[in-house]
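Here the structure is laid out as C-alpha cells; the discussion comes afterwards.
By written order: A, B, C, D, E and F. Residues from 1 in each chain.
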Amino acid sequence: MSEEHKKIIVGDRRPDGRALDEMRPITAKAGVISRANGSAHFAMGSTVAIAAAYGPRELHPKHLQDPVRAYLKYVYAMAPFSTQDRVKPGPSRRSTEISEVSRQAFNSVIFLEEFPKAGIEVFVEILQANASTRCAGINAASIALADAGVPMTDLVSSCAAGKVDGKIILDVAGEEDTEGEVDMPIAYIPRKDEIALLQMDGLLTLDEFKEALELAKKGCMQIHEKQVAALKERYVRVASEIAKKGPVRESAEEVA
Amino acid sequence: MITKIDKEFIKTLAREGKREDGRAFDQFRDLKIETGFAKNAEGSALVTLGETRVLAGVKLSVGTPFADTANEGVLMVNAELGPKASPEFETGPPKEGAIELARVIDRGIRESKCIDLEALCITPKEKVWMVSVDIDPINDGGNILDAAGIAAIAALHDVKIPKLDEDVRPIFGTNSGKLKLRHIPIPVTTFKVNGALVMDPDFEEEASAEARLTVTSVEGFLCAMQKGGESNFKTEEVVRAAETAYAKATELREVVKQAVGL
Amino acid sequence: MSEEHKKIIVGDRRPDGRALDEMRPITAKAGVISRANGSAHFAMGSTVAIAAAYGPRELHPKHLQDPVRAYLKYVYAMAPFSTQDRVKPGPSRRSTEISEVSRQAFNSVIFLEEFPKAGIEVFVEILQANASTRCAGINAASIALADAGVPMTDLVSSCAAGKVDGKIILDVAGEEDTEGEVDMPIAYIPRKDEIALLQMDGLLTLDEFKEALELAKKGCMQIHEKQVAALKERYVRVASEIAKKGPVRESAEEVA
Amino acid sequence: MITKIDKEFIKTLAREGKREDGRAFDQFRDLKIETGFAKNAEGSALVTLGETRVLAGVKLSVGTPFADTANEGVLMVNAELGPKASPEFETGPPKEGAIELARVIDRGIRESKCIDLEALCITPKEKVWMVSVDIDPINDGGNILDAAGIAAIAALHDVKIPKLDEDVRPIFGTNSGKLKLRHIPIPVTTFKVNGALVMDPDFEEEASAEARLTVTSVEGFLCAMQKGGESNFKTEEVVRAAETAYAKATELREVVKQAVGL
Amino acid sequence: MITKIDKEFIKTLAREGKREDGRAFDQFRDLKIETGFAKNAEGSALVTLGETRVLAGVKLSVGTPFADTANEGVLMVNAELGPKASPEFETGPPKEGAIELARVIDRGIRESKCIDLEALCITPKEKVWMVSVDIDPINDGGNILDAAGIAAIAALHDVKIPKLDEDVRPIFGTNSGKLKLRHIPIPVTTFKVNGALVMDPDFEEEASAEARLTVTSVEGFLCAMQKGGESNFKTEEVVRAAETAYAKATELREVVKQAVGL
Amino acid sequence: MSEEHKKIIVGDRRPDGRALDEMRPITAKAGVISRANGSAHFAMGSTVAIAAAYGPRELHPKHLQDPVRAYLKYVYAMAPFSTQDRVKPGPSRRSTEISEVSRQAFNSVIFLEEFPKAGIEVFVEILQANASTRCAGINAASIALADAGVPMTDLVSSCAAGKVDGKIILDVAGEEDTEGEVDMPIAYIPRKDEIALLQMDGLLTLDEFKEALELAKKGCMQIHEKQVAALKERYVRVASEIAKKGPVRESAEEVA
C-alpha cells in the first residue's frame, strides 16, 4: 500500500457514514431451516451468513467417534455466487483454516463431555460477502447451536476491528477492507471474558493492538445482545404457534 | 429420517387418493420467487415452495470458448446438496443425487434453446461469457428439483451483464443490459407413491415414492425428461405424467413471469 | 440449430440408408470374459459395449452392505479411445449420471432381497461410441447379468428414438445424432411392460413424444430377441463343451 | 481367487519342471494380434495371449510441448486395471499395479527410441502431436504386461496421423500418413515360481510366482528392465532371464511384424 | 504419544512455575540457523531449535500474474507435516494443522510487507516471479511453527534470483542478485499450559498445552496474529503474550541477522 | 540423443574427475530424527536422502492389517525444493512406482511374519537430487530400519551403473545423467547374493548388461560397508551417552 493513497476516512467519518466505533446494521434470526435441528440467519451490513446445526447425533464415519466427548464439526463455506469472483465449490485452504479456528472458538463453550461418541455439527454458509464473513458465520452458528438445544455455557460473539488511514475502527467493510491496513477478527465469550478466536493481519503497534482489541470486544457485546434477542424472538414464535395449533412441526421461516 | 410407520401411512393415504396435507395429487404448494436475493451474483433467485427453499445464483466471467463451439458462450449448471438443508445430505464432493440434479436442470435450460449462446460470444475463438448457475438448496422440504429448476431460470432472467474494461475483463457491479432469454423452461416432476402419481411432494412423501419422472417444458414443447427412482412406470403412466407436467408448467410459468417482470 | 440447415433425411431414407423405424445391425454375444462371472459383447452398428458381471459376492467397503438386500453396483465407463476426443479415465459427471440411471433400470428386475449384504456388480465399458452408448451398455449388462446366473424377472432392453428433420426415427446414429433435434433413450422391461429408463433431450410435442415412445418400445422388443438368442447360443456352447471335455474351465471367447 | 492348494500344486509342478497345461517354461501361449480393432482410435490393437486379452488404443491430439523439449511431440502411456477384466481388480484411480504397468511399457517404447518425437513437432515451442496410448485389459488370463506391451507397440504401428485444419486442429477420421516407427520393442517377463523361471504364466501361475523380471528388447539391444514381486533373483537368474527374454522377443516380433504388415 | 501421567506432570510443574528442563517460561532453546542447506533450492535454511529441526526451501519460477495484481510477483507458502518428523504425523494431503501452519507463516511474511512483490514483476500482465516457500519439518521436537517461520524468512534472505534466458525462462544455477527484503518478521508463539504462559515448548509440553497464540512482529509493529487450540485466553493474557512475543522476536531476529549476514 | 554429441567422458576420465568404476563420496549417519524409531541420513555426492522408520506399530487404517505378517509401507518422496523445477507435493506416478519397487526390495529381508497385523513403515525424503535418488533412499531406509531395531537378515544396498559415451560406468551423476545413454539402478542383498531391485532404461547389449550388473553389485558392496559403519558409529554414540547420563531420551543429531 503506497503512503500517498487517497484517504478514505475523512475527519472520523467513514465511507458509509459510520462513526469509527460503529458497527454496520445487524439482523439476526433463529429458526430459518426447518429440516435442521437449529438454524440461524445473521447479517452485518451486506455480509450474510446462514447456519444449520445438528446434534448431538450419531457420528459418521465411526473412526471419528471420541469415547469421552462429542466430536464438534464446524464447516465454513462460501456460496459460489457470494463474491465478486465465483468461488469454486469444495474446501479451500482458506475455508479449511477458517473452519478450524471457528471450531476451536466453540470448543470450550459446548458441554461436549456430556455426549460421548456423538457428533455435534454446524454448517455455515456465506450467502453474500462484504468482509468479516468468518465473524458473521460464528454469530450465526452460535444462534443455530442454541436453537438446536445444544447445551452451552454462553453464546460466542464475533466481530472485527481494523486500522484504516491510521485510525482504529470497528467492523471494517467495503473499501476499508480492500484499502485498509489491518483486519483483526476476534471471537469473544462475554460471560467468561475470554478471547476464543483472534487473528490479525497488517501492521499494528502494541498500543494500537490493545485499542483494537478493546474496540472489538465492545462490538462483540453488541452482537451478543442481538443474538440473545433473536433467540428470545424464536422462543416466543414457537410458543405462540404451539398455543395456536398444538405442538406440530413448525412451518418454514423466512431466510431473510 | 422418515420412519417405516410414517412411510406406510403416506403410502396407504396415496392408495386411497389422499395426501396428509389435503392437497390434490397434482396440486403444488405455494410458490414464491424473490429475484436479486444475492447481491454479489449477476443474477439470483430464492424460490420457496412450501417449506422447501432453494437459492440459485448466476456468476458471469470471461473465458475461452471450447474449440468445437468457438463462437458460443458457455453455460454451466452446478448443484450441491449440502448438509445445511437436510440431515440426510453430507459434506464432500457432489454425489449422484447432486450431479443428476444439476444435469437435469442444465438440460432443461439448454435443450429449450432459451439462451442464445452465440450472443454470449465476445471475440470468436478467444473470449466468451461463461455463465455459471449455482444451485444452493437452503431447506429440503421435498421436491427440490422443481424448485431448483424454477430458481435457475428465474436467476437467469435476473442476470445483468457487466460492462467490460479495456482488457476485456468484467467490471464488477456494472450493468450493460440484461441477459436475453427466449423461453421459460419449467421442470415438473411426477412421483409415484404406492402406484399413485403425485406432484410436489413434501420430503416425507418424496421419501415414500418409488419412482419419479421429471418433464421440463416450454410453450408448445417438452424439452427434457428424466426418469429416476428404484422402480418403473407403465407406458400410460409416463404419458399421463408428461401431459400433467406440461399443463402444470403452464401454470407455474405465470408465477415466474410475474416475478421476473415479463 | 438453424432452421435452414441441410436436410439429412431425404424422403424417408436416412443417411445410412435405413428406414425411419429401422435399427442398425445388432450383434450380441454372451461369455466373452472368462474371469468374470458373466459377460457380454453388444454392438448396435458401430457403437460397441462390453460388460462384465459379478455376484452375488462379498461387498467392499463393508459400510455399503445392506442388511436386507444385495447392493447393486453399475459402472458405466468409456474407453479413452472410444470417441473422437480422448476420454479422460475416471468418472465424470456424465458417466456418474448414466451409471446411476442405468442401475435404477435394473433395480426392479433383480431379486436383490435374496442376497442380503452381498454385492452384485456390473461393469460396462464402451469400446466404440456412435450414439446410444448407454443403451448398448444396458443391453450388454443385461446379458452379462443373466450369464452370471443372477436371478432376474426379465432382461432389460434399451434403445433410443429421436427426431431428425421433424421426423420421428428409431436408433439415432452418426449425423443424425450430431445434427438431429431430439434423442430419447429408454429402457424397457417387456414382460412387465414397464419403462425403466427414460431420458429426453430436445423439443418434442406431446404427440411426437407418444409416437417416439411407442417406436422406442418396438426397438427394445427387437433387441430383447437378440439378447435371448445370445444367451441361448451361450448355453448351447457351454453344454457342447461340457459334453466334449467334461465340466472344465471354459476357454476365452472372441470379444468381437 | 486362487486357493492355497492350487498354489501349492502349481509350485510343486514347477519344482518338477512341469506346467499344468504341459507347456515348456519358456513357451508362450498362442499370440494373436488384431489391429484397427477400435474404429474411433487413430491406432489400436487387440492382443490375445491364451485367455488373456488386452486392447490398446492410441489417440492423437495437438497440444503445447513441454518447455524443455520444445521441438518434440509428447508420448503418454496410461493403463487401467479395471474390474471387468478380473475379480481382483477394483474401480478407482490407478493403483501401484496399473501405474507400474503403464510406466514399464512407456519406458520400453521410449527408451527403444522407436518413435521419433522430433518428427511429431508441428510448430516448435507451440504445437506438437500428443500421442496417448491407453491400455485396456479385457480379460486377465495372466501375463497382462507382455500382452499389453505388444498391444501398445502394435497399436502405435497402426496409427494413421490425421490431417490438420487451418486452425491446426486434427480433422477426425482423415489420414495424412502413418506414424513412422523405427523399431518394435517387445517386453518379455520371466516369473520365478518356486525357484523355476517361467514365461507367459496363466493367472494362476502368475498368482503363484514370487518374483518377476520384465526385459524389453529391440534388435540387438535390451532397452528397459524392471524387477518386481515380493522376492528376489540370483545374479545368474537375472542373466538367464535377460538372455531368454531377448531370444523370445525375437520370435514374438515376427508375429507383430506380420500383424502390422511389415 | 504422550501419556496421561506425563501430561499431568508437565501441567503440575507449569502451575508451580517450573519446566522439566529448567528453562524460564519465556526462554527459548538454543537456535541455530544454517542457510544454503539445500543446494538445488534458490534459497534455503535449516533451523534447529533444541531437538526441533525444520528445513525451508525456496524455489523461483516464472509464471503469469493474477489478473487483479498484474504488476506483482506471487508468493506461495506451503507446508507438509509428513510422518518422518513425528509418529503423530500422517501421509496424505495437508490437513488443518499443515494448512494453518503454512497460512500463518504466509501472513507473517506477507503482512510485514518485507517482500516487494512489485519488484518481482518481469513484464506487467505477462511474466512475474513465482516464489514458492516450502516448509519441511524434519523432527518435531515441539514449537514447529516458530522454527518454521524463522526458517522461511531465513531461506528468503538466502534467495539468489536466477538469470533469465531469451525465452524469459530462469537459467538454473545462475545468480542475478539476491532477493531484496525489507524486514525480518519473526513469529513467537505463546502456549497456555495449565494456565501458565510458556514459550518454545518441547513436544511434550506442546501436547500438554490447552491454547496457543502466535504473534509475528517486525521492528516496531506486530504484523500477524493467530490464536489456536481447544481453549481460550483472557484479555490480559493476550496482551501479555503480545508484549512478550514482541520482545522475544527482537532477540531472535539478531540470530537470524547473523545467519543471513545482515 | 544425436550421435554427434560432444563426448563427456574423455579418456576414461569422467566430468567430475572420477574413474569409470568410482562412486561419488558417500556419507551415512544413523539416528538423525529423535522422534522416529530409527532414522538415517545418506548422501552420494550431492544426492541427499533422509529416512525415518517406525515399527512394528499399530497399523491404520485397519483394513490394511494382515493377519499373518506385518504390513510394510515404504513411501518415497522428493522435497519440493530438491530439484531444478519445484516438485509438486503429494504422490506422483513416478514416486508411486519408486515406492513400490523399493518396498519390494525390502520385503524379503525383514522378518514380517514375526509381527502379524502390525505396520512397519519407512518414509524416505530426497532433500537434494542429483541422480540415483531411489538408491540413496533405499540406502538411508536400510540404516533407518536397522536403527529402529526392525529385525532383518541383511541391509539392502543400492546403486546404479550406466552407460555414457559407450562406456559402462558406476554411479551416473550430473551431466552423465542428463546426457548419458543408460541408467540402471539395482538393489543388492550381499549376504544372500540377491538382486532385490533392478530397473534399466536405455540401450544395452546383453554383454554390456552383464558388465553393468557386476559393476553395480561392486558399488553396492562399498555402500554396504558405509551402512554398517554408520550403524556401528550410532551404537557407540548411544552407548557412550548412556554411560554418561544413564538411559535418557537421546538428543537430536545433526541432519547433515
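The working rule: a residue touches a chain if its C-beta (ideal position, glycine included) is under 8 Å from a C-beta of that chain, and two chains touch if they have at least 3 such contacts.
Owing to the predicted nature of the structure, the values given are computational and were not obtained by experimental measurement.
Asker: What is the minimum number of touch steps required to go from subunit C to subunit F?
Answerer: The least step count works out to 2.
Asker: If you walk touching chains, what's the least steps from subunit A to subunit F?
Answerer: 2
Asker: Report the chain whose mean Cα position is at the greatest distance from that of subunit C.
Answerer: Checked the centroid distances; the maximum from subunit C is E.
Asker: Select the chain at the greatest separation from subunit F, using centres from the mean of Cα atoms.
Answerer: Of all chains, B has its centre farthest from that of subunit F.
Asker: Counting in whole Å, what is the centre-to-centre distance of subunit B and subunit C, each centre being its mean C-alpha position?
Answerer: 29
Asker: What is the distance in Å between the mean C-alpha positions of subunit B and subunit F?
Answerer: About 58 Å separates the centre of subunit B from that of subunit F.
Asker: Calculate how many whole Å lie between the centre of subunit A and the centre of subunit B, each centre taken as the average of the chain's C-alpha atoms.
Answerer: So the centroids are 30 Å from each other.
Asker: Would you please write down the residue numbers of subunit D that are in contact with two or more other chains?
Answerer: 94
Asker: Which subunit E residues qualify as touching subunit F in the complex?
Answerer: Per the stated touch rule, the residues are 37-41, 44, 46, 48, 50-53, 55, 57-59, 61, 78, 80, 82-87, 91, 93-94, 132, 134, 136, 138-141, 172, 203.
Asker: Write out the stretch or stretches of subunit B touching subunit C in their complex.
Answerer: Per the touch definition, subunit B meets subunit C at residues 94, 96, 99-100, 102-103, 107, 111-113, 213, 218, 220-235, 238-239, 242-243, 246.
Asker: In the complex, go through subunit A and note every residue touching subunit E.
Answerer: 93-94, 96-97, 99-101, 104, 107-108, 184, 189, 192-206, 209-210, 213, 217
Asker: Touching subunit B in the complex: which residues of subunit A?
Answerer: Contacts found on subunit A: 32-37, 39, 46, 50-52, 54, 57, 75, 77, 79-86, 89-90, 121, 123, 125, 127-130, 251-252, 255-256.
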